[in-house]
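What follows are several structures.
Two complexes are shown next, each including subunit A; its partner changes from subunit B in the first to subunit C in the second.
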Partner chain A sequence: MLKFVVLSLLLIASILTFLNPPLAAVAWLALVALGLKKDRALTLKILTRVANAALVLLAVLVITVAMFGGTIAEIKKEMIISEVKRWVMSQPQLVQKLGPKVKEFIAQQAERLIKAEGLDRPWYENLPYYLSTVVTLELRSQVLRSNTGSQLVRDITMERLPRTVLLFTTATIISAVAGILLGLVAARKRGSFVDKFVTFAALISASFPMWWIGMIMIQIFSYGLNLFPSGGMTSVPPPKELLAYLSDLLYHMALPLTTIVLVSFGGWAYVTRSILVGATKEDYVLAAKARGLAERVILLRHVLRPSLPPILTMIALSLVASLTGAIITEIVFNWPGMGLLYWEAIETLDVPVILGLTYVFTLVFVIAMLILDILYIILDPRVRG
Partner chain B sequence: MEVVRELLSQRAGAFGAALFVVLLLLALYSMSSLGGYARLWHNTTYWSVYPSAVPPEWFGKLLYPDKVVPTLFLDPTNVTKKSLFNGAATNVTVVYEIPYSYGGVPNDIKLILNIKYESAPGVKVVFIRPDGKAVTVIRDSAKNIPTIISFNNFDQIKNNVYTWSRVSGVQPVELLFKEGDEVLKGTYKVVVTIIGLGEVDVRSELVVDGNVYGLMGTDIFGRDIFVYTMVGLPYGLLIGVLTSLIAAVWGTGYGLVSGYAGGKVDEVMQRILEIWYSIPALPILIMLAIIYKPTLMLIILLIAVFSWMGAAKVVRSMVLSLKNEGYVMAAKAAGAPSTWIMIKHVLPQVLPYTAAQVALGVPGAILTEVSLDFLGLGDPNVPTWGWMLHDAQVYGASVNGYWWWITPPGLMVALVALSFAMMGYALDVVLNPRLREV
Partner chain C sequence: MLEVRDLKVYYYTKKGVARAVDGVSFSLKRGESLGIAGESGCGKSTTGMAIMRLVERPGRIVGGEVLLDGTDVLKMDEESFRREVRWRRISMVFQGAMNSLTPVYTVYQHFKETLKAHGAYAGEEEAREITVKMLRMVSLPPEVADRYPHQLSGGQKQRVAIALALLLSPEYVIADEPTTALDVIVQAQIINLLKELQEKGMSIILISHDLGVISALSDKLLIMYAGKAVEYGSAEKVLRNPAHPYTKMLLEATPRVSGGELRWIPGSPPDLTNPPSGCRFHPRCPLAKEVCREEEPKMVEVENGHWAACHFT
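== the complex of A and B ==
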């Protein structure tokens, strides 16, 4: 009963965080109060973990801002100066009007822009500004824009996020399901063909770069056999009608999706198999066998049940991690998601976007680790200690 | 040594080790006989005489056996040098003969003309076909002619050939070698005549670019893909092993100290480890690479900095259980200093795990480095597989169907990674008996 209340409260608080932050804060506080009353040690442990995650986030942010403060600011300044120069020189009338004062004018304009972007100040003076805007993703991009023309990093990111989710989260779910099922079969029939295949697939997973497999897939299926498009998310222009749009989307998704699943399911199968095989070696399984329990019962109660927490956490971790996509795979397939956005931001040195995305990537990563740890603390009594 | 024996007794371990030995031998061969090519990586002039983006020879023989044209490097069959007007002028005639019995058209013809002169001489190049038809392809002053003349790309040749054949939009070489749809067989001749005032000295070579090349074909710059696949091998091994070694050694030291010291030190060190774990490595590496434009050694260090955590975790948990072993206790009771105990008693027990971590870390290390190169952020002076794939992507190898350009470097990356993954996997099984099959 208590567990149910805590879990539902947790769910409500999590959802509220995105919809209504003030209300969410109340829910979180209620959750903490409830926790402190019922299980002080556990709650304190989780709170420490959350504080730890916040610390990591802060550390990464400070490091990135510091990095940008130095060298990137210099690069950026040079870029601004040369851009201003080009802009002035492209207007012959202006040059004529200014006469010998051209250089001065360029310097003035560049100075103004540099000041406007805060590049003249040392990085630690920009830190509070950056931190406060980065956390809410309210900083403005310098080059990149969302499709609707917004310069807000939040809008740009939110536009890309669903696309990455569409491809990578779907792929993660498919490979997880396929891999876990395969791992189950492999663990039950050790030494069988399926078992050997799992090991083989896992070695492939570990050795081949996903994006290289992608290049090969494009080569074979889109240029060789002309079956699938070589990249992009939809045709240009995208079909107007909903059904046509969806089928067009699926058509474009097929190749990258297959690639990701092909490269990842082996890892899932192998890890699942290892966990299960490890579990069958436990003493209590031997004891259950000695007691003469049915094979089915042993598998369900003594092998699968204790193996569930690590597998569940693995799923949680991968689902969260899939939100960031994969930079190079998105480049190869020209898939306009988070990874490609990060690359575009780096190529154009769009500092706010880079900062914002690094924050999002770290946030996602930290949250995944947090979920993992908390799940462990809750699910595995041994960790509570 | 027992660990090594057990490793080899595992099938995966034996296979991984065998693969590693093969790769190592190939790397030694590459360093001893192909080492010089590393410096030619950016030398586009050197490679420009080779055929551009042609498939491997065996592929051509398989697909279009009667159309295969190999690449021919020809020296002049006849050079005559005449002094005119008592040395006031010189007339040099160079004749090339191309014995041609192939069913296909060459990719290109490249004439390399190194002319030393006092005042620019006139150059005339005549192409004579087996059916006797002669085309004057060049008639110009030496100062308007590049050192390496590509028959397909030099405008003057294009214009002359188009005027002669009254056809355009086709490669000039195709027009020169074909009569209707038939490729003419027999002896082709290229006659170069140079007349100039004063002393004229000519060194020249003629290259008939085939439509296939070597074992793995060439890339768009004419670079031999076999050569650079091999040249990349020692670098690939070095990057993978060194990165993983640095990471594992650092991780082992870290785990050793953290586990052995215990208490507050352990807690702080574990906290740092956690923070390190939470940093998304590739985005940060990409940023660092853009800002600092690192050399290969620096890249190796940077990747190692983001991959030592696994080793630290494994070693720490080992140390925690070793700490309470009888012999460690005894050494402590005998008054041995902590450093001594760590190095003399704990470290040797932990080393096999470090070895496993080295092997298991290689695939990740090499894949990361290849990714950085692929994005064009690696050390540009080192011809790695990542750079080959980068060039392939930039110059649209997929779009143009140059599969021979994409396949070898990726496969080699995978082979190196595979060999270490298998060895690491076997080591893991040897060291964790729970994973072993009953």
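== the complex of A and C ==
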């Protein structure tokens, strides 16, 4: 009963956080008060984890902002000056009108832009501004824009995120399911031909870089056999009709998806196999067999169930990692997701976008760790204490 | 009646074939108890595992019979052995039984799933009642049922393991080093518990390297060395009149409350993939002669109900 109340409160508070922050704060406080009353040690444990998570976030942000001081700020200043120069020089009338004052004008314009981006101040003076805007993703980009023309980092990110989810999260789910099943089969028939084959295939699969396999795939299936497009997410222009659009999308997804699955399922199979083989050697598995339990029951209840925490950790961390995409692979396949956005932001030194992305990546990672902590408490009685 | 005839368990390792159990025989009437003694690695535990058909690869039971009331259980198919014999008629308390409980389940859940596996589960209420009754039998309070293994002490876990072994009222219980890794007081408690069960008519096969523990509990005694039975007979006769030099030395190496000099047996047990020729004990035996190296001694009856395998009995 208490468990149910706590879990539903947790759910309500989580949803409210996005819809109505002030109300959510009340819900969170109620939850903490309830927790402190019923199970002080556990609540304090979770609160400590939350505090740790916040600290990690803060540290990552400070380090990122600090990194944009110094050399990078100098490079950025040079970039702005040459940009302004090129802009002025490309307008002959303007140059004619200014005459000898042209240098002065360029310097003035550059100065204005440098001030606007805070490049004339040391990084710690910029910190409060960045921190206050980054948390709500109200940051404005300096160079990049969303397709709709918005300069809000939030809009830019939210436009890219679904595309990465579509490709990488789907691929992660496919490779996780396939890999875990293969690992399970291999672990059950330890030492058999199937086991040796899975181990061999897993090692081969896991040892190639994703982008390299991607290039090979493009070479063979796109340039060689002319079966699939060599990159992009849709045809140009994209089909108008929904069904045609979806099939066009799938057609473009085929190569990158296969590539990611090919290089990732092996790791899953190998690690799952190792975890399960280790778990099968436990004394309590033999004891369960001695007690006359059926093999299926032993596998599910005494091998798989105690191995759930490490397997779930892998799943959660991979899902989170899939949200960030992969920079090189997205470049190879010209997939306009988070990885490519990161690359574009780095290339143009778009500080707010880099900062926003770093914040988002760290945030989802930290949240995943928190969820894992809570899952461990549910799954492993030893953690409950 | 449990009869083991010429049991052979071999381990097929990369180094060669290790003959962990090589032709062991004994018999046990219902209600009788047997002690199996010997140094580490002599095949005592493997014998117990083989009776439960729990020998795992690379080991294999390569020969012999385990007759339970005349039926060879080694010839039964795995599924009917699991349902009808394993744990129902012969159960086991493991060496290091403290690790025989799965960490993510409560004590009650262990009892419940064992009942379920043998079709003896008839609802939550009854299963709880049975669990509490079994826990009481090993002097544990009812609250233990809802504890997780990590919340129990070593002695408590050992008692739970024994209670689990008794759950289906088996005719034979194999206890493999049930007191090792426990402190002396808990050891004495567990021995007393086993004695009580014995008095209630349960047959216990006690496997231990500790002759003191064994002599307190067994009607019969089997001494093993390097996979072979070297002496076998009624406990009283074997202890009073040991016929094999290894048994004698083992007895001299057992500490006694009355004091006396403690001897040890020089050397160590042989490599089972390449055991010594003839009598396997000859390299360590003070009486060894030429014949011991050349010829393997047979089990001969030295007195009524007492056998030994030595050329000089």
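Basically, the second predicted complex is superposed on the first by the 379 of 385 C-alpha atoms of A that agree within 3 Å, B and C clash if a C-alpha of one lies under 4 Å from a C-alpha of the other, contacts with A are read in each partner's own complex, and residues count from 1 in each chain.
We take it that contacts are C-beta pairs under 8 Å (C-beta built on N, C-alpha and C of every residue); 3 or more make two chains touch, one makes a residue touch a chain.
None of the values given here were measured: they were computed from a predicted structure.
Placing subunit B and subunit C on a common subunit A by superposition gives a fit, with no clash between them. When the two structures are aligned on the shared chain, A:Ser90 is found in touch with neither subunit B nor subunit C.
Taking subunit A as the reference chain, the count of touched residues is higher for B when subunit B and subunit C are set side by side.
The three-chain arrangement built by superposing both structures on chain A places subunit B and subunit C 90° apart around the Cα centre of subunit A, to the nearest 10.
After overlaying the two complexes on the shared chain, residue contacts for A:Asn226 are found with neither subunit B nor subunit C.
By the document's definition of touching, both partners, subunit B and subunit C, reach A:Gly191. Looking at the shared chain after the overlay, A:Thr148 reaches neither subunit B nor subunit C.
In the superposition on chain A, A:Val297 makes contact with subunit C only, not with subunit B.
Residue contacts after overlaying the shared chain place A:Arg305 against subunit C, while subunit B stays out of touching range. When both complexes are overlaid on chain A, the residue A:Ala53 reaches subunit B alone and has no touch with subunit C. After overlaying the two complexes on the shared chain, residue contacts for A:Ala288 are found with subunit C alone; subunit B is out of touch. No C-alpha atom of subunit B lies closer than 6 Å to any C-alpha atom of subunit C in the overlay. When the two complexes are superposed on chain A, the residues of subunit A that touch both subunit B and subunit C are 191.
Residue ranges of subunit A in contact with subunit B, taken from their complex: 52-53, 55-57, 59-60, 64, 67, 71-72, 190-191, 199, 203-204, 206-209, 211-212, 215-216, 218-219, 223-224, 230, 274, 277-278, 281, 324, 327-328, 331-332, 342-343, 346, 354, 357-358, 361-362, 365-366, 369. Here subunit B touches subunit A in the complex through residues 12, 271, 274-275, 277-280, 282-284, 286-288, 290-292, 363, 367, 370-371, 374-375, 389, 392-393, 397-401, 403, 406-407, 410, 413-415, 417-418, 421-422, 425, 434-435, 437, going by the rule given at the top. Listing the residues of subunit A that touch subunit C in their complex gives 191, 282-284, 286-294, 297, 301-302, 305-306, 379-382.
Note for the complex: subunit C touches subunit A at residues 52, 54, 56-57, 82-83, 86-88, 91-92, 94, 96-97, 99-105, 110, 113-114, 117-118, 148, 150, 161, 164.
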